[in-house]
């Protein structure tokens, strides 16, 4: 009897665990992409619990939403993935009337333009925007600034034994090669893709990674790598906190991929009201500022940028001004990723696999 | 005790639900094109099989077998003598050595892999000892990691068999004129074969199908079959090719089990 | 000759073995007291990561989740596994062999295959991924170990005990509870220990069967590799766990030696090892 009682009790415990989901917000996010401080403040203000899952690619995000066994209330995919999710009816439209903090002049003009361009305004509220570029150890500054993306693909311009890291994602790795070649990042031209593949194949990368690329550059185990713009600031803040010297920098090629991540509400959401509140909360100027300070990407809220501009500590050359200036530079040609067919996408992944052979 | 049989009946259905049904689903997925496990728009096709012939997938399989094979061999070469030494220790401190061998297994496997990863980088805490390794991305790193993680799985089955071996058999063979070497090759080794086979299976299978270990120690460059499968399910969302690769792993395992069983009587 | 070589190699071999197994643990230990949150350089000594085990919210949650799942999975799989083993023992030999083969499949299958299989069934059943699915997965892979630990004890059990209990007026169920289970206690404990160990350290199967932000320690770790949100408190937590298990194992052994039961325990140890080798 005792044993049966034990079983019953444990079943009850399990039931109680699964039962208490009433005031939980499920957030699907990237790693190192939100300020815990703001999340905690949100939890306290609305007396809810935020449970977060972290992934390292848009595709992993898609897998989680699409598989249907999750109940995320808010996710933060990038532009092309939002298109894909929207096309497949996996997203609810965002009810802008519920988001008081979103006024006509809230969002930076360039971000609005990006949202327009990828046609995701109905489904998403911008979270951060950025680009891909090259993070490098300071001694490689000259060569990186001279050659741009070429340093990732042409060993002849690099000193002997340079350790190069590449993003372990078909989309990003192939796009970097296409950008260096001067092609469209969304091309499905077999010949152009073949050229990109050859470049990736001929280069001997020390590490194929994702978020660990920036850590390896800080440690000096990599000399340069393809990273997202925010990876640099993330590392920058981390190193400042640690109190060590800044031995690395970031370079944005003028022709690169530019993206915007948006907060969306998947159809799996069981708490859409709360999801709207969450989105609204992260647009409030104070919260957005705290979030930017932690995450490191360029803010989408105009006011936040203005505050940063006035504050001395933000206003240095390696700061966000650099990025914003670049984004507004007339020579800057930011190309956005578009939603691809599954076959096209698989092709990119296969290129990645073959490149590692 | 007939009335107790009903205790086992639900288990049969439970196991069929969780073992046979998924294999069935994966088989269907292998022969078709679907979106995840959603069968509404299923289209039967053999295109997954034609993809399989591509050199990337073949190389992943070859990598798995060679790297895990080498690691298993090293484990055997180190593990057998160790098991033999421990089994024949005359002291009452035998338990201490056993405890020392078991303890590391309670330490998180992923974290132990990370520890090796940290050591294998040029800039590591080993620098203060004047050592700088540069092994990330090499096959050697992957093999060292595998040996370190799976060595106990080789030692224990062999130790168990050797320890339980009837010592009177050894005395008998010695009485019949065998020298020490002959006792080992003619009596001890053949009798420990079942332990060796268990050890090989327990080392080879997990190391050949690992995905976190080759990803971390191989710097993302060395692909094992586990990496490709994980990629198919978690990133590419191609459940069909992923299922086909998993089915292949299952078939390979059960085929080898079948061979072992035929030779060794009933192992499982 | 070979014996001589073996004797000469004895010490170096033991040293290599312990080195290759303990090296990572030593490194984890060093990193757990390293002031720098980056692992590439030792920047001085600190205990701060040990206090951060409790203050770092996501890590704390992950540890609580790990323990919750491990404890629940151990209790449930031990209870069910024991009853199942009793049922299996009562089966006709042919049926018994067949069910045991089914029982052994999850033991032989690599983690990735088990994890995927469960993921596919669970998504096919439209279950919501999280603690329920992860717990179900852990129970699933633990039961076979419990069954294999309990069965040998049942085999050596005198069946007449059970019939005597029935003759004395017990129902079959109470006979099981009052006679059989106490007699096979050591097998049950071994099974529970294995189940707990497997559950607490599992990464791959949990990775495929969880979702909605429910992470155990391994998944927490995997998601934070190379990221800023990785906290060296993970090294500290792991060092604590290793120390605790080591001390417990030592204590059990020393105690049993003191009570001159060393031999019995050795047997228990080896049967525990034996059961993990499928060679029952």
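In this document, chain identifiers A, B and C correspond to the written order of the chains, with residue numbering beginning at 1 in each.
The definition used in the following text is that contacts are C-beta pairs under 8 Å (C-beta built on N, C-alpha and C of every residue); 3 or more make two chains touch, one makes a residue touch a chain.
What you see is a predicted model, and the numbers here were worked out from it, not measured in a lab.
Engineer: Report the pair of chains linked by the most C-beta pairs in contact.
Structural biologist: Chain pair with the maximum contact count: B-C.
Engineer: Which chain's centre, taken as the mean of its Cα atoms, is farthest from the centre of chain B?
Structural biologist: A
Engineer: Roughly how many whole angstrom separate the Cα centroids of chain B and chain C?
Structural biologist: Using C-alpha averages as centres, the distance is 17 Å.
Engineer: Which whole number of Å gives the spacing of the CA centres of chain A and chain B?
Structural biologist: Roughly 36 Å, centre to centre.
Engineer: Two-or-more-chain contact residues of chain B, please, as numbers and ranges.
Structural biologist: Residues 36, 121, 123, 233.
Engineer: If you look at chain C, which of its residues touch at least two other chains?
Structural biologist: Correct list: 39-41, 80, 123, 225.
Engineer: For chain A, give me the residues that contact two or more of the other chains.
Structural biologist: Those would be 67-68, 209, 216, 219-221.
Engineer: Mind listing the chain B positions that touch chain C in their complex?
Structural biologist: Contacts found on chain B: 1-9, 11-12, 15-19, 21-23, 25-26, 36-37, 78, 81-82, 84-85, 92, 94-116, 118-119, 121, 123-125, 127-128, 144, 147-148, 151-152, 155-157, 159-161, 163-164, 180-181, 184, 194-195, 198-199, 201-202, 205-206, 208-209, 211-212, 216, 226, 229-230, 233, 239, 242-243, 246, 249-250, 253, 257, 267-268.
Engineer: Which stretch or stretches of chain A touch chain C in the complex?
Structural biologist: Interface residues on chain A, with respect to chain C: 1-3, 6-7, 10, 13-14, 17-18, 26-27, 31-32, 36, 51-54, 64, 67-72, 209-216, 218-221, 234-235, 238, 242.
Engineer: Quick check on the complex: what are the chain C residues that touch chain A?
Structural biologist: Going through chain C, the ones touching chain A are 36-41, 57-58, 68, 72, 75-76, 79-80, 122-123, 126-133, 135, 177, 181, 211-215, 223-229.
Engineer: What does chain B use to touch chain A in their complex?
Structural biologist: It is residues 35-36, 38, 54-56, 59, 121-123, 136-137, 219-223, 228, 231, 233-238 of chain B that touch chain A.
Engineer: If we count contacts the way the header does, which residues on chain A are in touch with chain B in the complex?
Structural biologist: Within the complex, chain A contacts chain B at residues 57, 59-60, 62-63, 66-68, 168, 205-209, 216, 219-221, 342, 345-346, 349-350, 353-354, 356-357.
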